[in-house]
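If you scroll down you'll find the structure; I have some questions about it.
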Amino acid sequence: MASIFGTLFRVSTWGESHGGGVGCVIDGCPPRLPISPEEIQIELDRRRPGQSDIVTPRQEEDRCRILSGVFQGLTLGTPILIAVDNKDARPSAYSEMETMFRPSHADYTYQSKYGIRNWEGGGRSSARETIGRVAAGVVASKVVRTLHPQFEVVAYVRSIHDIESRIDPETVTTAEVESTPVRCPDPIAAQKMIERIKEVRSQGDSIGGTIECIIRGVPPALGEPVFDKLEADLAKAMMSLPATKGFEIGSGFAGSRLTGSEHNDAFVIEEGCVHTTTNRSGGIQGGISNGEHIFFRVAFKPTATIAKPQQTVTIDGEAAELSARGRHDACVLPRAVPMVEAMASLVICDHLLRQLGQNVLPQAP
Amino acid sequence: MASIFGTLFRVSTWGESHGGGVGCVIDGCPPRLPISPEEIQIELDRRRPGQSDIVTPRQEEDRCRILSGVFQGLTLGTPILIAVDNKDARPSAYSEMETMFRPSHADYTYQSKYGIRNWEGGGRSSARETIGRVAAGVVASKVVRTLHPQFEVVAYVRSIHDIESRIDPETVTTAEVESTPVRCPDPIAAQKMIERIKEVRSQGDSIGGTIECIIRGVPPALGEPVFDKLEADLAKAMMSLPATKGFEIGSGFAGSRLTGSEHNDAFVIEEGCVHTTTNRSGGIQGGISNGEHIFFRVAFKPTATIAKPQQTVTIDGEAAELSARGRHDACVLPRAVPMVEAMASLVICDHLLRQLGQNVLPQAP
Amino acid sequence: MASIFGTLFRVSTWGESHGGGVGCVIDGCPPRLPISPEEIQIELDRRRPGQSDIVTPRQEEDRCRILSGVFQGLTLGTPILIAVDNKDARPSAYSEMETMFRPSHADYTYQSKYGIRNWEGGGRSSARETIGRVAAGVVASKVVRTLHPQFEVVAYVRSIHDIESRIDPETVTTAEVESTPVRCPDPIAAQKMIERIKEVRSQGDSIGGTIECIIRGVPPALGEPVFDKLEADLAKAMMSLPATKGFEIGSGFAGSRLTGSEHNDAFVIEEGCVHTTTNRSGGIQGGISNGEHIFFRVAFKPTATIAKPQQTVTIDGEAAELSARGRHDACVLPRAVPMVEAMASLVICDHLLRQLGQNVLPQAP
Amino acid sequence: MASIFGTLFRVSTWGESHGGGVGCVIDGCPPRLPISPEEIQIELDRRRPGQSDIVTPRQEEDRCRILSGVFQGLTLGTPILIAVDNKDARPSAYSEMETMFRPSHADYTYQSKYGIRNWEGGGRSSARETIGRVAAGVVASKVVRTLHPQFEVVAYVRSIHDIESRIDPETVTTAEVESTPVRCPDPIAAQKMIERIKEVRSQGDSIGGTIECIIRGVPPALGEPVFDKLEADLAKAMMSLPATKGFEIGSGFAGSRLTGSEHNDAFVIEEGCVHTTTNRSGGIQGGISNGEHIFFRVAFKPTATIAKPQQTVTIDGEAAELSARGRHDACVLPRAVPMVEAMASLVICDHLLRQLGQNVLPQAP
């Protein structure tokens, strides 16, 4: 279902970049969860434009309001509507989009699919759509943490362009991630990345990169073989984010070059619990979490909208040249970190509820 | 929904590797499609064990029967049940699985999730489950081809272990893929791969690799932003296959190292249609097909079940050593090719029906 | 899915009677449909309080805004958010609801299900929730009418308390329904009903009744056996409305007293089309529309909230006596007419899209 | 989704009356439930033809096999396939159905929807399809009883044609229901019903009736407002059964003639629990179970297939006269009793799992 995500914890997002606003409806949230707009705002602020000098200078406060589903600070178990107004909209900056398709953007495909599109600022394909995801992710994360206090999602920029960072995913903290505006917890690489982003931006160009995400404190038994395997739903979640081109979990593509005896994670008992001595599985085996840390990487392509002149065609089928105006990120990675975290939380929360809704019989039958 | 895939063309698979059989139910298939067990059998034969000397020697004929939903050779529009009996089952070969968890297999996670598991031969986590997917994929593919005769899915082994092949995805044919038992259309690489598989098998070990898939003849406009983007559903489909660790589309992870001006696919008009001069997008932009070829790669880890002794634990929490018996593939890649193709067809067929079910109004409103 | 209705044309409603507002999100609406807030407002005005002297005197303008999914007056194919603010909220009028359960209302069951409830004015169980349904119904109806211009839904009050009306469902028009505030197109019965409602209200009591609905211009072939039969989805739609206790289609309960030879609708050819000489089937056979008029009846119980003193218990388990204050309808039927019509339109629209999304192959295979 | 029912406990049925067989797949069943083919067979035997001299004399043993999802007598949590072969098929008895539409049967609508139909014996619209429902209902019922041992569903024939019975729904037992072949626990009425069925059958005609169903031992809090209210899903479940024309819960249509002060169920505390002194609500308030007995009634029309000559048309649009051959029930009610019970169990089980999957947070937040 196009704009609905999840089986029990269901999020639907709504809104175009230009229009009345954007947001989400959460259907199926457990009742009696304390939640406030302020908690949600913290994450929205990590996502919003204008937060630093390496992201788009658009000035959007992105203030969220909760219009339903919360009463006296607690969730009611009924649909939660979270809304953010569109404020700094400048449709005039997009007037050429009305007639021209930006290369590698969604303009042409939206037009061919729907026969119409809101050409003001990307419309539905704008990253503003992810505001609803980030807001819902805060709620999802809090549900999981209430039941599993060790639960924690930490994503960070692992590479930008050809700049690779060195980060220990086992120990990295959100504080380290937030210590630089580029959200790369390796300070030396971070500095290079910031410079590269500014340089590329000054050239009217853009760059991509990779984000790594580690999820700690996930109990064993989450994930639903055969189609809704945990890694399958994580892959879908990440590949549904704008500008993503790849997903790999645990050993990933590099794991395809190992032998079984090199790759397999040996089981041991530690403090009475089953653990693995290595974690090439990335915390998921057979589609089900095994209690180890879950980690995966997501590839993002360079932003499609660039100031450099590009060859394209018009809606009437004429060849044209386009130099995009408007205020765009030269690199989406820093702002994509909270998006990745939010989608990860949505997947884990939904699968936690699903497991609690199926594993209901007493252990010894 | 754990064992149901798709929104309009819905496939549910059923069955364990040991038990009455395996198969699928297809709900929502368009009526009046000619389909026969023989057509389905062709693809099942590409998937079945014992087809060559580099795959598991288990002798399973995997003969399919259609028990419902087809009348006088045509689909009725009602649920189609396709069943394959389990024949060459030797539960005794798996007796140690009753008490021990194979490293990096699904034994431990199934036990922790369900509190029970069919330990005879992998049960539900066995690759036998994919019989239902391959059978359904044949039907899905034929639906799409009826409406878009150019539609074609060609997957092939691109690498095994560290052996890379050189293949032109634009021109590769199924006949070339089928010309070697390893399903790599580069004959020189194929020969090396075959030797490597035999070598690794003789060592009681296993290896992984990558499969590339190209989908031709997909019309523009398929894919449902924002969550059911075409690449998101392809990613989920592939990551739901056993042993997959990564998915990338178009430029993939390598694309994250390019600039926007290098990466963007310029639009041109050719023979009155919009096309792109390059295809780093992999045929999908903004989650919607753009009419170019769709291509993606999937990483498979080495088979978890190996004959070499491995450290593990028992169901009672005791340390143990396991040397797997049974007849296992030292490399799943050759048999995974039809699985990848089937899942690709299921995704395209479902999105085609969804597009036809939403894009119903006359063009000029 | 609790607050999501439909498979392809999916409506989710959100909002409590007291709080930020109420409304709906429509996901999956076909693109390029002309739609305006003004069109939606017409139906919301038929539903709103204070429209006549026989409904609740609450003053709610119920002005709707479209915040997303519509661009330059046309649907985009993306989620449509429709919102109505809550204005005339007087939580003080409900203060006793905080601690007492109204007999036969949803207070106790919401508390036992969610462990919390918005006790201000009924919260989610308030009839204000149906604003989102009525708004979505306008859009659904217009989709169907664009493809089937003869499509028309006419509901009307058939009985109130023991006052039965005489109405010919074949010929009744919306204008006739709207000619009296009670929405019963039999003027003599309507007058009696109005008097009865006023009389009962003056006694601090309430009354129920039945609504009949006729749907014209539905093409044959809508409805999805075996579970999503058209009458099954209509029944669910109607029984999901507040205060409904029964649903019957065509001959209904009375049909259970006939013999097959009395009940069967003979087929004939009229103007080259298959028709039936009678219509005890109510326009649906085997779960699929047959092209005849669809008609059904819905039973509504008397409003639960009454001014007369009633025996009840408090949230702390103490016996108590409750005399409800607040401004309630003594009879919900007049305002329920547009709700019934809206739900009927949602069902027909969803099934129309589903049929167009499955029946895609050429007729002669 | 046409042939899939339920959100967490999902049942899909497959099969036509003539063809390889019929059955169901259950996806999402809790693991570790003891279940055997013998338990399922008990209910299938209550549904099967030939069980007494007032039902169709077709000889179908309807022996069920479990092909997957059960291991050593316990459910695995994976899809459960239950299959029944078609044996006593006589397509020749239906040869005229190939070209003629039976009045008020599904022949014409299936043909108009799918452009094809299995005309041998009703195909998918045959009551044989309900075998899968009855089998799944046994599993669902056992899941609920494991968690709520007081859970019990008792349905019975309340009326046939104009013969009404007198039954106390509070005390009626399955043993009483099973004491007569007509499944009416009022012995005097039962005798009249049996005679009436035989009389009507000898005339080549058929009759309908009503079934009442009482569900005991349902805990409070089941049902998901606003669309998946418990009575809404029960209504859909019942109206998806063949030949149903109406559904009413609690006071039903008669309740529409009462005042609020007559209709409301007063709350009292009994043994520390909230109860109601009357039960016009039928055990559901605001869409959620309140812990009282749930009861409802379902209207069935007379069997459409009758031996008496009827006016109809052929598939080529010619007027024709049809006198059905074949072996049909003159009254479906006795065999419909286990179908009603099965659908009730499916609804309760699914909603129980849904509640357990949402109500997961500790009570005091």
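Labels A, B, C and D are assigned to the chains in the order they are written; within every chain, residues are numbered from 1.
By definition in this document, contacts are C-beta pairs under 8 Å (C-beta built on N, C-alpha and C of every residue); 3 or more make two chains touch, one makes a residue touch a chain.
None of the values given here were measured: they were computed from a predicted structure.
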Number of hops, chain B to chain D, where each hop joins two touching chains: 1
Most distant chain from chain A, judged by the mean position of its C-alpha atoms: D
Higher-contact pair (C-beta pairs counted), A-D versus A-C: A-C
Rounded Å distance between chain C and chain D, as computed from the means of their C-alpha atoms: 26
Separation of mean Cα positions, chain D and chain A [Å, integer]: 45
Distance between chain centroids, defined by C-alpha means - chain A, chain C (Å): 38
Chain C residues counted as touching two or more neighbouring chains: 1-4, 7, 13, 28, 31-32, 74, 77-78, 113-115, 124, 225, 359, 363
Complex interface listing, chain D residues touching chain A: 7-8, 28, 30-34, 74, 77-78, 143, 146-147, 225, 352-354, 356-363, 365
Chain D residues within the chain C interface of the complex: 1-5, 7, 13, 101, 103-110, 112-115, 124-125, 129, 159, 161-162, 200, 205-210, 220-229, 231-240, 242, 244-253, 255-269, 272, 274, 276-277, 280-282, 284-291, 299-306, 308, 310-313, 317-319, 355, 359, 363
Chain A to chain C touching residues, read off their complex: 1-4, 10, 12-16, 19-23, 25, 27-28, 31-32, 65-69, 71, 74-81, 83, 113-118, 123-124
